[in-house]
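Heads up, there are several structures right after this.
What follows is chain A paired twice: with chain B in the first complex and chain C in the second.
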Partner chain A sequence: MIKSDVQLDAKGLACPMPIVKTKKAMGNLTEGQVLEIQATDKGSVADLAAWSKTVGHQYIGTNEENGVFYHYIRKCNPEVSEAVEKSFEQTISNEGAIKEEGIILDVREAAEYAFGHIPGAKSIPMGELSERMNELDKAQTIYVICRTGTRSDLAAQQLAKAGFTNVYNVLPGMSGYEGELQKEVE
Partner chain B sequence: MSNKVAIIAANGGLFDAYKVFNIATAAAASDKEVQIFFTFEGLNLIHKQGMHALEMPAGKEHFAEGFAKANVPAIPQLLEMAQDLGVQFIACQMTMDVMGLTKEDFVDGISVGGAVTFLEYAKDAAPTLTF
Partner chain C sequence: MTVTAWTAAQVARKVIENKELFILDVRNTDAFDDWKIEGHQFEYLNIPYFDLLDGVEEILPKISKDKEVLVVCAKEGSSIMIAEMLSDAGLTVAYLQGGMKSWSMYLEPIKVGDLKDGGELYQFVRLGKGCLSYMAINGGEAAIIDAVRFTDVFTNFAKEKGVEIKHVFDTHLHADHISGGRHISAATGATYYLPPKDAKEVVFDYTPLTDGLTVHLGASQIEVGALYSPGHTIGSTSFVIDSKYLLTGDILFIDSIGRPDLAGLAEDWVGDLRETLYKRYRTLAEDLIVLPAHFMIIEELNEDGTVAKRLGDLFAENHGLNVEDEAVFRSMVTDNLPPQPNAYQEIRIVNMGKVTPSDEEQTEMEIGPNRCAVR
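Up next, the complex of A and B:
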């Protein structure tokens, strides 16, 4: 079971209904939230990925279970998300973060993490960071990673403010990672 | 990249209706601006009574079962959804005159226009599709 913010039941519906329903459901999500679409239409596998690309949302992945496809899409605002300035000063490359001593903290949503993360990375989604900070050790070096470096920038600032000193924002982030991926889905 | 999709619906069978409305709703759901120009038999697809009785091509009637099994929405339902998503319907004035039809014969919310109306819209649309 992969965590999502909103679930949409589109089972039994034929094309183009899963897309139409997804479009409507997406309207009720806030930016950064993850929508799970349950569909039986085999065309939905290719269609939802293409739809996400066209509209500018992040297609995370699809998992099939007993003939039902579970699709995960994260709502993005294409006009702002990529353009946000990163302000946390301590940064490190993907390669550097993997090589150096310390832990990799993945602040993407649980679904993004489930579909592929750096082996050994710890998952704390950005929205849960403030209440789960006690799971982190201040003595350890923390390499914060997300997809493009924007959320990890904010998370690194949040950690620094809370007294963590050995914090680095990993750039470019998972979008530029080509190494081995660990998955929680088949 | 153009954000407009222009569609010409020139045929009036059930299969034609699905081709037109499926592509149109999918495009509209992908945040495209969509306009459909209904001409000749294509006017059937938005005719108040006609759209409920669209025929399958001769010899293909056995597909009715497949439509039911695949849970494909009915045409009036698809049409309403397309309008809901902002798809614009233009009925061809010239064809209406030839067939003796008026705007009242068609579903609400359509506009009536000529070839130039469509050409003006379609000049910077990509793709333009004909069914």
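Up next, the complex of A and C:
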């Protein structure tokens, strides 16, 4: 099972209901949360992806199991998130982070990580970072990555505040990554 | 205002009678770009239903005021929702019952012409998919060629006409649609023929359809003769009916020619295709009327809705028959081919009898255009 914040059961519903329900459910999510939509309508695959794109949410992916489609969408507010300025000073390119010694820390949501991450990257979603910092080694160089560099910027600041010294924010992040992807789904 | 439901048959009449229609297609843009209801005089607006969840006000100015308006989606649910919203806004609109799914399945029988001594030849036009099937009848007997999977349409038509289906042919092993041939044969006791070279992997019994095979219909002996014409597949066979009509299968279309790659052997079969189109067909009478198994574009339909043209005219006008240089021809039919039809490999396996998907799965496999041609 892929981790999500809210689950919506739209099984057995025909088009347009899966999208009508998704739209309503997204309204109750807070930004950055992930909605899982369970649907059996085949049309939901293309339509949810296209709808997410038009309204600006991040369509993460779809996994099919026994005739049920599990769709994952992360709530975004494009006007807000794109405008946030990145302030963590130590940055490195995607290529640099992959080449250099150290670990890649992927702070995106579990579902985003599941649908494709850099091979070997460690997953700690942004929201869990403060509790799970003990999993990280202060002696190691840490390359923090997310989709566009915004969340990783905040995570890098948080790590620096906690006493991690060798921390880099990876830019542009997964949105600009074209290399091999490791997936947790088929 | 109330919202009315139109059947696929009603839409088909609009196409065939060259009527005007305004289609609001609310499927997603990729689906619309890939495949839509084609009409000579249809106007289109594509706005996905999920962009209209908050209201239809913004698109009202874009909707025709003087033409009939039909809202279309994949299965009908979304089109009903949008049609009701438009109706609440004061418009008179209809939706397509069963959506593109029912459009893909609808067959319109149209008479192509008379055969000698009261015989008749019918073309079954599947407008949504571009498939063409045929039934020749005479003296209480019928032969069917390239039947699509809606076998009831053919058996009911035969009943209406008071004829017994004696022979069922497939010109080749189809890759774009599921054949109804052997099922009609099982239901009626008719003989089912398939070219043996296309049938190497089939798991059911059939009668080999070989070059020169002829069957006769009725007392006046209308002749249906087979002509081996490989190229689209290695077994592809054409038919000459009553010395008047040439059924070309997927070898020659009105505005294009067959593609040799759907069974995976473009390089091997391009020579056969060339030979068939540039040698075998050239020996036939130019007055034969060509009746293909598909059309790709609405312009290939005649005014009466049939898809038919004189062979001599095709020799003059069809681009695929006018490529003098063999190397240019080879490259035309093997390089830069259009995308293959939806699920074509699975469809071939179904036509071999190896798997029998549910009706719903079959519908899903056949969604989209046929894509059997190279232009």
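To be clear about the criterion, the second predicted complex is superposed on the first by the 186 of 186 C-alpha atoms of A that agree within 3 Å, B and C clash if a C-alpha of one lies under 4 Å from a C-alpha of the other, contacts with A are read in each partner's own complex, and residues count from 1 in each chain.
Throughout what follows, contacts are C-beta pairs under 8 Å (C-beta built on N, C-alpha and C of every residue); 3 or more make two chains touch, one makes a residue touch a chain.
Since the model is a prediction, treat every value here as computed from it, not as a measurement.
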Superposition on chain A - do chain B and chain C clash or fit: clash
Touching partner for A:V68 - first (chain B), second (chain C), both, neither: neither
First, second, both or neither for A:G12, with chain B first and chain C second: first
Which superposed partner A:L181 touches (first chain B, second chain C, both, neither): neither
Touching partner for A:K42 - first (chain B), second (chain C), both, neither: second
Common interface positions of chain A, toward chain B and toward chain C: 14-17, 19-20, 23, 47, 51, 54
Chain A residues touching chain C - in the complex, by the definition given at the top: 14-17, 19-20, 23, 42-43, 46-47, 50-51, 54
For the chain A and chain B complex, residues of the former touching the latter: 12-17, 19-20, 22-23, 47, 51, 54-55
Contact set on chain C toward chain A in their complex: 28-31, 48-51, 53, 73-75, 77-78, 81, 364
For the chain B and chain A complex, residues of the former touching the latter: 22, 25-26, 29-31, 70-73, 81, 85
